[in-house]
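Each structure below is given as structure tokens.
Below, subunit A partners subunit B and then partners subunit C, in two separate complexes.
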Partner chain A sequence: MKKRLSIPILIACLTLVAAACSSESDPTTTTVTGGDPTTTLAGDPTTTTAATPAEPVVVRAAITGDEDTINPYTYISGFPGWNLLMMQYDTLMQLDADGVPQPWLADTISANGDLTEYTLTIVDNASWHDGTPLTVDDVKFSLDYFIEKATGRFSRDLRGVVAIAVSGDNGIVISLAAPNPAFDLVALADIPIIPRHIWEGIDDPGERAFDISTNVGSGPFMMTEYESDQFYRFVSNPDYFRGVPAVDELVVIVFADDAGALAAIRSGEVDVSFERVSPEQIALLDAQDPLDISQGPEFTTQMINFDASKAPFSDVVVRQAMSLAIDSQDIVDTVYLGAATVGSPGWVHPGKPAYNPAVEATFDPAAANALLEGAGYIDTDGDGIREFGGEPMSFDMITNSSDSLRLRIAELTAAMLGDVGIEITVVSVETATWEEAVWPGFDINNGRNYDIAVWGWSAPVQANTIRIADLVNSDPGIGFLNLTGFSNAEVDAISSQLLTEADPATSQQLIGDLQVLLADQVPFVLLAYPDGAYVYNSEVYADWEFIAGQGIVSKVSLLPASARP
Partner chain B sequence: MRPLGLRNIFRYLAVFVVAVSLNFMLPRLMPGNPLALLAGVDVGLMTPAERAEVIEAVGLDAPLIQQFIDYWWSVLRLDLGFSFRSERQISEMIMERLPWTLLITVGSLAVSAVVGIVLGGFSAWRRGKKSDLSLLTGMISLQSLPSFWLGMLLISVFSVQLGWFPSFGAVTPASDFEGWGHIGDIAKHAILPIVTLTVLSIPGVYLTMRYAMLEVLGSDFIRTARAKGASEARVLFGHVARNAIAPVVTFLAIRFAFAFGGSVIIETVFSYPGLGRLIFEAVSGRDYPVMQATFLVFTVAVLVANLVADLLYPILDPRMRVR
Partner chain C sequence: MKLLNRKRTKKRSPKVANRLGMLGGGMVLFLVVMAIGAPWFAPYDPTERVGLPFQPPSAAHLLGTNDVGQDLLSELIYGARVSLTVGIVAALVALVLGTSVGVLAGYYPKRLGRFLMQGVDVILILPFLPLLIILAAYLGRSLLNTIVVIGVLIWAGPSRIIRSQVLSLRSREYVLASRTMGAPDRWAIMRHVLPRTALLATGTFVRAVSTAILLEAALSFLGLGDPLQKSWGSILFWAQSRGAFLTPAWKWWVLPPGIMIMVASLGFALVAFAMEERINPRL
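Our next item is the complex of A and B:
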């Protein structure tokens, strides 16, 4: 009997489910402007007040991958995790559309002549989400807290700070051990200010499980709801010190991959993607109404790394030949369909003031062949592959399988290097394995377990030009991102000097010289700076601000024009 | 029901010990490490001393054998520990995900069991005829469909083109639905994942049922039943189906156990917040405790399902009863 019963029950259940579906509205109409009573806003007390004539602006944004509770100790990724953190918190300075730091929580900022002392005054109209006023004490507390309790990013920003002193009612003086001309960019525009009354009771942020009750910031948005791997809900802060945000609610939806996020953009279920759109999708999405694309230069990098600490890559001739053999323009055209800037062999992005235009990428396979022949890397057995020390020049090129653009880069560069007699086998592994090979334990003191790798850095590494020392200095204390094991005395000298040079003209001269030197020494082959491209539904919200080098994911995008820096 | 023999109990116990020990080994055998997860993306900016502190805080600096003993001790106390990523109780995280996973996996299992058994039985009965051959071909083609492709196809047609169903998630984000509205919302979100999983699992049930039926159809007692004049329906339902159902039940029991592993691919395609996605995120971040815990749940589910199938077999098939 039991067996017979189950089928009718099942049919009944299915009918119920089907009925529930047909009574629901079409998902494509559940946009904010639709006004459909059964849509996402129904019954929400914070957004449906009958008295206000204007529809609340709700923006639904897509990200791929959960960012945990998004406080300074829990956010996961540098992008877009840090950007979402900054929706809730403020920095002392804020980047404007050109990527230049402007006064924000600090309304005046001045530095002494040798750039070792920064004096700031804090605005008097900022307050925390719980209503407590934000004071200079909170600022001092935040900096002290990050120095004392390690976070990767903010503690690093503050290395070199020797004293923090409150002066007067709202002044603060930050003293540095050595000149740091980029302190405004790397620290003042990067570090979130946290409320003392919430955090002073938290002794060990690394051990604590947070919930959103800790997320008390001063920023334009307050997190009110978080479902792990599903969504975040941010509502606007009506008391924001720069003015009421232009967007009333920001719902950030966590997708498992970018294919899902794109489908949801196309179906109208989300209004903007906080992830970069891949080049082949740009034209396709732009053609679809009401979708628009916001595109501009960004400071992320794509490069070819090699282990320069061992033969044959320790030989500068081999590195120079590889650089000559790789056609970066072809990679920009073929892989990025033009949506990227060709990489400068001197590392610095051509859009940056420090860029030295004398440095240019050269593609010349004949010269590469001649270089290799001249240095004795000759194909003795006639198999098309050169030999060094009796061994064929055959190497694995490792890349991460989750990034299809990198895979294409790997295939293309492998073919280009093959043309000059260097045989490359592309090895595609998952991200953690790839990272562990290139950067074991995230500590260059652990060495390297690869020959050649496709690699890339996030925008902050490029954003601050003097951080070039991080990548090329052979002292692990300074060049802590020197993943290729590159070492050159002259590069060491200039890059070290650059870190503490207070005079802007000398600094500019040093950076210019260093670029020429790097183009000659080839610590890595920089292929391209991919553009950032973001898709949004212009009917829902169109005022996105593209910050040079950083993209649209910023609180600035969600503020009215009058409140922007 | 036959009592479980001592030898069988021992066998289950041995499998459990080996499998649970492997669950400890596997995450640690993978290249890569959980540092990025523990310290955040900016781990590269930390000093070696800061990094060492992070490793020490979660006990990963202890000798492997010590970690292994601690691990077994917590398994025996049913303490799944805390996630490296969120520092939350893993049992809590699993209980949060399990209902979503069970909704789509059990939902699809139920539908595919009914459809698969009916079609498999029909096909076997019509063996060699046109309807059997076309069904068989159709099922084998279905079985070879890649699951992510089918999921993306359904999203593209039913979400993007037609706009009938949502393309992602288990509920409408930040929707504040209540009561029936909430249930309707859940159902609407579950339909595409369930349809995808169902389409993909029907062929398995169908083929198992069809072959089991064919085997029984060829046996002597069926010929006897026909010879004594039993109607075709009676032969089919009273004799053949009854005898063919045992392998199908085992198949379904195992499939049910696999439901506890979630469906990594389908949950990824539909951004569905189930166990499969938890496992996927844990593996990609090397969240050792979450990997161990989810593997443990999965191991236990498979063992229990096997046990249940073992115990059910003699009830379904008298020939299996031990005297």
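Our next item is the complex of A and C:
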């Protein structure tokens, strides 16, 4: 009997103790990095006349969470899954350090005057990992394949493509239904080109159980080994068309959580972390030799969403008051310890050329109070909470429990809104529940089931400024990411016009105006753009390239300087 | 040999048990005072941001501040409230459930008893912590859910003890006599059985409090409690998610709540131990 009751106690104790030692809990460690010099695949000695380093450079990287077999239909996360996919495959264009697409598999790209037709020529020296040359047929096949066999991301990139035609030996013409000035960024620099001879026999990629034998790409790395939930081994492609990679072998080790990954890098078990370092760890890791930090702005966002289709958030005064009541600078300082950029109420990151400097975040609780008083949101029963239509202004703010920073953001903004008489209860739920409330079925036509939510978009949404229409246009066909149900005729007009505007100067003008308008209409409250920070061991490999807005996890980081875009 | 052993335990145990009981009682008293007097003892409101984030201990903040600048000492003191509340209320839930099932199963040992005890066996066999985690994750994060989940999972053990006591009680002469004279079962249970199991139930209750406090801490630490509720488990949750386990901050952020959890659970366990020494019936 005594034994029986003490078991749960023991278990709970053990749980706490085990967590306390999570620094030792990394599941993979040993045997993964067995130093066999795998760079023995220099098939023909003639190609690699350039100096082959005596000591092979092996970089061991940490990720948290398995990414399956990492082909275009199996990789799991947008980051770092897509980035690891792109170690093996190439895009037609590649982002340079400034985040601007540059020629890559396509060595020339030209668009017609109204941006409805893109003409590309494909390089002639690229080949697949199995030695087959990469041709324009593979490019056409890939684009057709992604349009035909839905993948989500790549199929969405290609919306609006009406025709793809091969012209000449290595030319390809892509025709669009409507002008798309951002086609290079959203499609050409995003979609992997896959080999026709491997994929043309695969009719149902969504259903098929893949192993890594289909992972034949043209990229600088080839996956040679994969153990589910343990590790990936990539070896460099000596025949890479841009030149031999600077790293000979990349071992990506899967950790259970951030704490395990950080402990591994501190103890030297891995050489770089492909996960972002949280703000409080930056100084600590930087202080340890030989670790270094690569830090820069990224285009991910943290924001407060509300259901603007219903009262009281349908009233612009309430939205403006909420925006005024929230101190974004405080959130940047407290939650991110300064490692973030304060959110611009016009959505566009201040580091982007399209940013309108006239738009600034304002924190003024007194003005917020005055606005609410003036519009009749008054605390009539003296409980410190304003009323509207007889109802107290008390709302749930929903956030996902797995993101502790977001939970703190919720806690802080709840207190700030409480100061202007809007009572907020923070509700933390599973990620799936949170997504289902804010974005049911990932389709805004399903409506919204929340009052207020802490939300965030990944970098690609911000990367292309023109995609702002996705977020604020009230036509669900255009504004397919308009999660707040925001609707404003003027915003609709400008954002629609922006989508098809071919003239860069007019486009710049429109986007500037739109930012002013959004700052006034408040479709959401943008809190911050958190910085990306990555930790690496500079003794093993130090040439990491921080792509603005995207971070260091890309093939560019692992190529010699001469091969970078 | 057996006899010898028995003699020795008999000689030693009341004294030791008493002392340990006193020690446990002291710990519990300390926590109760801390919980009730939290507003007076705590230097700050634990929900207010009163300093810079990640401050080491100083005169102004004896245990430093957490990741958003809340005072850790104040969080620790207020944490006693959540831990004790959850511990006591969850144990009460377990007590009510366990006693009801135990008494019914003991008083009607044939069909109903067998059925109930098989149910108890099933609950005892189920892997405990995983079930707790799944239930907590499924029901969502709130103090009430934490209490309910813990309560409904820890009653099975106590119900067995109660049942064996009731089994022996129901065949005592006075119970048999009242039954022969036509007293309804209800009366016999209320008049004779329940009063004589109450003391035993109290002992198991105190032990259940100790278990519940540990489980609350474990759930909150895993982020399955309400993370914005100031409990010792949630202090540890934040310490873990903001990296304090890897930095020198563990000394003032991780250790104190750990010690408090230990004190609370040990205190109640010692009291229960001392009580059991006195009240456990010689069956």
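Quick note on the criterion: the second predicted complex is superposed on the first by the 512 of 565 C-alpha atoms of A that agree within 3 Å, B and C clash if a C-alpha of one lies under 4 Å from a C-alpha of the other, contacts with A are read in each partner's own complex, and residues count from 1 in each chain.
Here is the rule we use: contacts are C-beta pairs under 8 Å (C-beta built on N, C-alpha and C of every residue); 3 or more make two chains touch, one makes a residue touch a chain.
Quick caveat: nothing in here was measured; it's all calculated off a predicted structure.
Of the two partner chains, subunit C is the only one touched by A:401; subunit B is not.
Contact with subunit C, but none with subunit B, is seen for A:278 once the two complexes are overlaid on the shared chain.
When both complexes are overlaid on chain A, the residue A:256 reaches subunit B alone and has no touch with subunit C. Shared-chain residue A:76: touches subunit B; no touch with subunit C.
When both complexes are overlaid on chain A, the residue A:287 reaches neither subunit B nor subunit C. Contact with subunit C, but none with subunit B, is seen for A:334 once the two complexes are overlaid on the shared chain. Using the contact criterion defined above for the overlaid structures, shared-chain residue A:430 touches subunit B and also reaches subunit C. Contact with subunit C, but none with subunit B, is seen for A:411 once the two complexes are overlaid on the shared chain.
Shared-chain residue A:489: touches no atom of subunit B or subunit C. The partner that reaches more residues of subunit A, of the two candidates subunit B and subunit C, is B. According to the touch criterion, the shared surface of subunit A, contacted by subunit B in one complex and subunit C in the other, consists of residues 7, 16, 20, 23, 259, 263, 266, 429-430. Interface residues of subunit A facing subunit B in the complex, by the touch rule stated above, are 7, 10, 14, 16-17, 20-21, 23-24, 26-30, 38, 40, 42-44, 60, 65-66, 68-69, 73-78, 81, 150-153, 155-156, 206-210, 225, 227-231, 233, 249, 251, 253-257, 259-260, 263-264, 266-269, 429-433, 435-437, 439, 441-443, 445, 480-481.
Those residues of subunit C lying in contact with subunit A across their complex are 47, 49, 53-54, 67-69, 124, 128-129, 137, 140-141, 154, 157, 160-161, 207-208, 210-211, 214-215, 217-218, 221-223, 226-228, 236, 238, 240-243, 245-247, 250, 254, 258, 261, 265, 269. Listing the residues of subunit B that touch subunit A in their complex gives 30-33, 35-36, 39-46, 48, 50-51, 53-54, 57, 82, 85-88, 93, 96, 110-111, 114, 152, 155-156, 159-160, 163-178, 180-181, 183-185, 187-188, 190-191, 267-273, 277-278, 280-281, 284-286. Across the interface of their complex, subunit C is touched by residues 1, 4-5, 7-9, 11-13, 15-16, 19-20, 22-23, 259, 262-263, 266, 278, 280-281, 284, 334-335, 337, 401-402, 404, 407-408, 411-412, 415, 426-430 of subunit A.
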